[in-house]
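Chain naming follows the written order as A, B, C, D, E and F, and within any one chain the residues start at number 1.
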């Protein structure tokens, strides 16, 4: 006969160190065990989709910067890919290479923060977090070199990128690519075999492939569950079909797998960047398009594999300079669908870790 | 003023009686448990005081006090178990509600 | 406990001061345990009582008992009691008297008066021997030689109590 | 055996304890910004500006305020004289769309970044300030400045002839 | 009286003279006043020293922690206030004192205000019994070790009181974890010291230091050392056992509602406890103040510094364990290990006693090391962190609050 | 490369299984009767040859005359995708059946659409506002929503 304890409802967030921004979870606890959980959104809701209806296609690029502000270039890319699909144009070759390099750099930067915060949530008191932010800083330096900004880049344009790479960029990028594998080795040495980390994450919040698909999860969370689905492979955009890389797949779909998948994606992104650096053609970086784009009437859905998952833009055009409707398929938002199913029955400490392993970004969740 | 055995004995009986009063008059099982602990402690003071003033070398009272402490620990553990069991069946630790065996 | 022999020659007065202070603490907090409405505060006062009693043991030159008092009572039993306190529905006003409060007060007072009278009228045979400087060795000797059987029995009792508590608390 | 993975982790952290810290103490040492750095102070060349207000139109937030009048000695290009040219940098997000929009290379991003203010009003860059400021334009969207932009010092500034394309 | 070293140096002589001379000076000063007044005054002075020296050293300790942690994390650490940021602790203390002291409206105010004191007092009571140098012990209790274990066990009550009285759910979580965890770790903490006590034959700390004249205890008691350090990091709420505070889970656990100097007193207690335990580890396992050439207290300071650095290093590297794992680790790993250690040590002490050796022979050290490795390997094979299994099966849908019939409401509105 | 199934093929398949479900179909449109959406969703998820096990995204567009709900579907198994649309013509009570029981991933997305666009998904187990707070008046993403800017 179990003791009847009255459940406690705890509001975790919106001001809580582990909610990665302003997220709130209403959690019902029985002791330390979670009985029920309800995510509460909207603390960072800015109405991006409404704002986009009153802006020109070029101006919307600045809005996309603020979705997943840890990987702005990927958002830019997703948006310009969608508009190009609507327009039926393709960016010049060199621009596509540049876009891929930037998107992969963003993936590394985003995963570094995701992993660092995840480990911080595990209680590793900022040390791995600090190491990872140090490397992210180098990526931000590279981005500053390319487009003069460090967080909100607004670098890509419909039909190319705003500017060609600066001459000193290639050298700096090569230096980063040479140095970064050692850092990844270091992270692995620091964490991969750590018994505490393994005991905290292995077998925790196992997400079966079926559940993951059913919940429309995407990105590393989906792949950690063993679903081989990466838009770069399965629906290649830009020049991904020419590149040789592998998609890391998890076996069990537990928290440890999500950690490992991200760690391995760092290596694969580096591999992609190295190939792009090698094959980069010379030429134009921007199509000659009118300053005010007027796409034909119709709709288009373009998507890319952003660091957090499938980032898609569904654009309805009515032939004017502003989109009639712009819908953002935000991976972080949809990835949270499974949060309840993943955490109910576990403990408070697991909830924090599982939430960290989904790696969401509030800018994207609330939009 | 010289502190003698009587002081300690009176102190110990005072503590014992406070505990006795609590044990007799409290409604809550946990409070009764606490009162019992007070009584134990009162007795312990007397034991150690007797030991100090009457058999200072043999330390018989000390050993008695030690055993009482151990028994008290065992008693608390068991009492806590009983309280938990009580709580499970009645969802209350009020001893008067638990007196249902009366009929 | 400060080893400054020059000063403790006037030990009687120091002892008296210590006794009255500690006795005051012990009695006052023991009364608070009974009278305070909040059960949590009662438990905290109980800890204070235990500390006062530990101090009294020191005045009785029972250092080992004093330390054990702090370790077992103040450190362990009080935590168990505080834990048990949380089973009460309204902790802040949970410590109430039952119908027999007045009667029990009379009984307790009667017992107290009779005990005081006994204590004052008995002719105690006070030993003039000094207490050993350290009780721990003597205690160990006594426990493991003369009282080894009770010691083992108490060990068994403790084990039985632990198992009994586990059986009681276990979820079926 | 427990502890081996932990020891590995410890060996990584101890090594860092004896390395030079990678952080930079900001007010004492400043990191060098890149030539394309999109910084705080906008650089504006009045001589090149025609008052067409393209920048104001392209700004996603509408923070550029332009009031023009016909220039007294109206030259052939239909150039306007500016009464007001205020940029409310308190709301600016440094997307550089205004710079991209400028058809005459009159507006540039600046390379400075220390322009904190106690009031929101203090963040509005007025026309006089733009006129008198040191001209240290950023190379963003102006590839011809790529070489100069990395080499500004406190004193140097760029005259309008050098800046244009 | 503590054992005498060969030649007391100036510091030791000073300390040796301090107590009687102060007492006599006080006696003279008071002239014909009652003796107990001198006694109380002397106790007050002693108490003042005992409380304030550690309290003054604690900011230094915090500074070391922040600085070393920063270096482990590849950054600089505090360097603004004073030389090398040494006065950072002072600045923080000033800041904390000038902050508003908030008491939650629904808190149990008496207990809430009392809890920081209850947490701090036992910690400061540890310092008098530690030998800082030859004869430099304020109160060289013959029960020193048991006294320290018993007095520090009271902190749990304070932590629970703090967490409960705050009337905050996070604080209550922290308090519940405190009760579960701290009590569990008291047992390996005490058991691991049994070996030391057996070898030294006493619980008097100065004598324990004296038995380590030729060899620090860590060589003879490797298991005891490991278990003790683990238990101490649990008692100090440091990673990987910082469940009570667990910033990423409980914000800061039991003291989440505390602000200003009350919070500061908690921090003071925590770091003073760290200081006390570092001193204790140095005393018990690294032959205390003993060391060549330098005066005793300098040796002790060096040892304490290195022990503290190791604690910081561990804190800077490891993630945190979950509450059930922490408990299981104590009961299923540390307690059996320390029990076996007691057994092994008892056998060795028996051998020594039977052979009539005056000191514990050196060649026990490698044997004990081998035994330690073998035991730990066996225990790690036996004890596995079980993968967490769910307690409840999740229902597919449904949320905490009753489903809002928004659709129906909108429909009725439309009609 | 993800193969986009021909819209007319999809429409024909749906029509074969559920007659009357497809309202209109052309080279770039499959419009499904909103009443039959739940059945169509079930069919698309389970029917051999379709097996759209992944609901990429649900969007709603306000065309003033009607609300169009757009389902982007994906079959991870076959690497195929398609788009299904359905319309709700009422402005006061635009109801579309929920597909949460078919694809759990629609849960938050449908709530978001209800919140911002005001389309009511009948059968959704927990349809309430998600981004905006309870008690917010109106649905901001509608084209006729008047934005009141704070002065």
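Assume contacts are C-beta pairs under 8 Å (C-beta built on N, C-alpha and C of every residue); 3 or more make two chains touch, one makes a residue touch a chain.
Keep in mind it's a predicted model, so treat the numbers as computed, not measured.
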Per Cα centroids, the chain farthest from subunit E: F
Comparison of C-E and B-C (more C-beta pairs in contact): B-C
Separation of mean Cα positions, subunit F and subunit C [Å, integer]: 73
Whole-Å separation of chain centres (CA-atom averages), subunit A against subunit E: 42
Chain centre separation in whole Å, for subunit D relative to subunit B (CA means): 79
Inter-centroid spacing, subunit E versus subunit B (mean Cα positions, whole Å): 32
Interface hub residues of subunit C, defined as touching at least two other chains: 64, 68, 76, 83
Residues within subunit B bordering two or more other chains: 84, 87
Residues of subunit F touching subunit A in the complex: 1-2, 28, 53-57, 59-62, 70, 72, 76, 79, 83, 103-109, 112, 116, 130-133, 140-141, 147
For the subunit E and subunit D complex, residues of the former touching the latter: 68, 70-76, 79, 313-314, 316-318, 376-377, 380
Interface residues, subunit D side, partner subunit E - complex: 1-3, 6, 9-10, 12-14, 16-19, 21-23, 25
Subunit F contact footprint on subunit A (complex, rising order): 41-42, 45, 47, 49-50, 211, 213-217, 227, 229, 234-236, 241, 298-299, 301, 303, 310, 312, 314, 316, 324-325, 327, 329, 333-334, 336-338, 366-367
In the complex, subunit D residues that touch subunit A: 2-6, 8-9, 11-13, 16, 22, 33-39, 58, 60, 93-97, 100-101, 109, 138-141, 143, 146
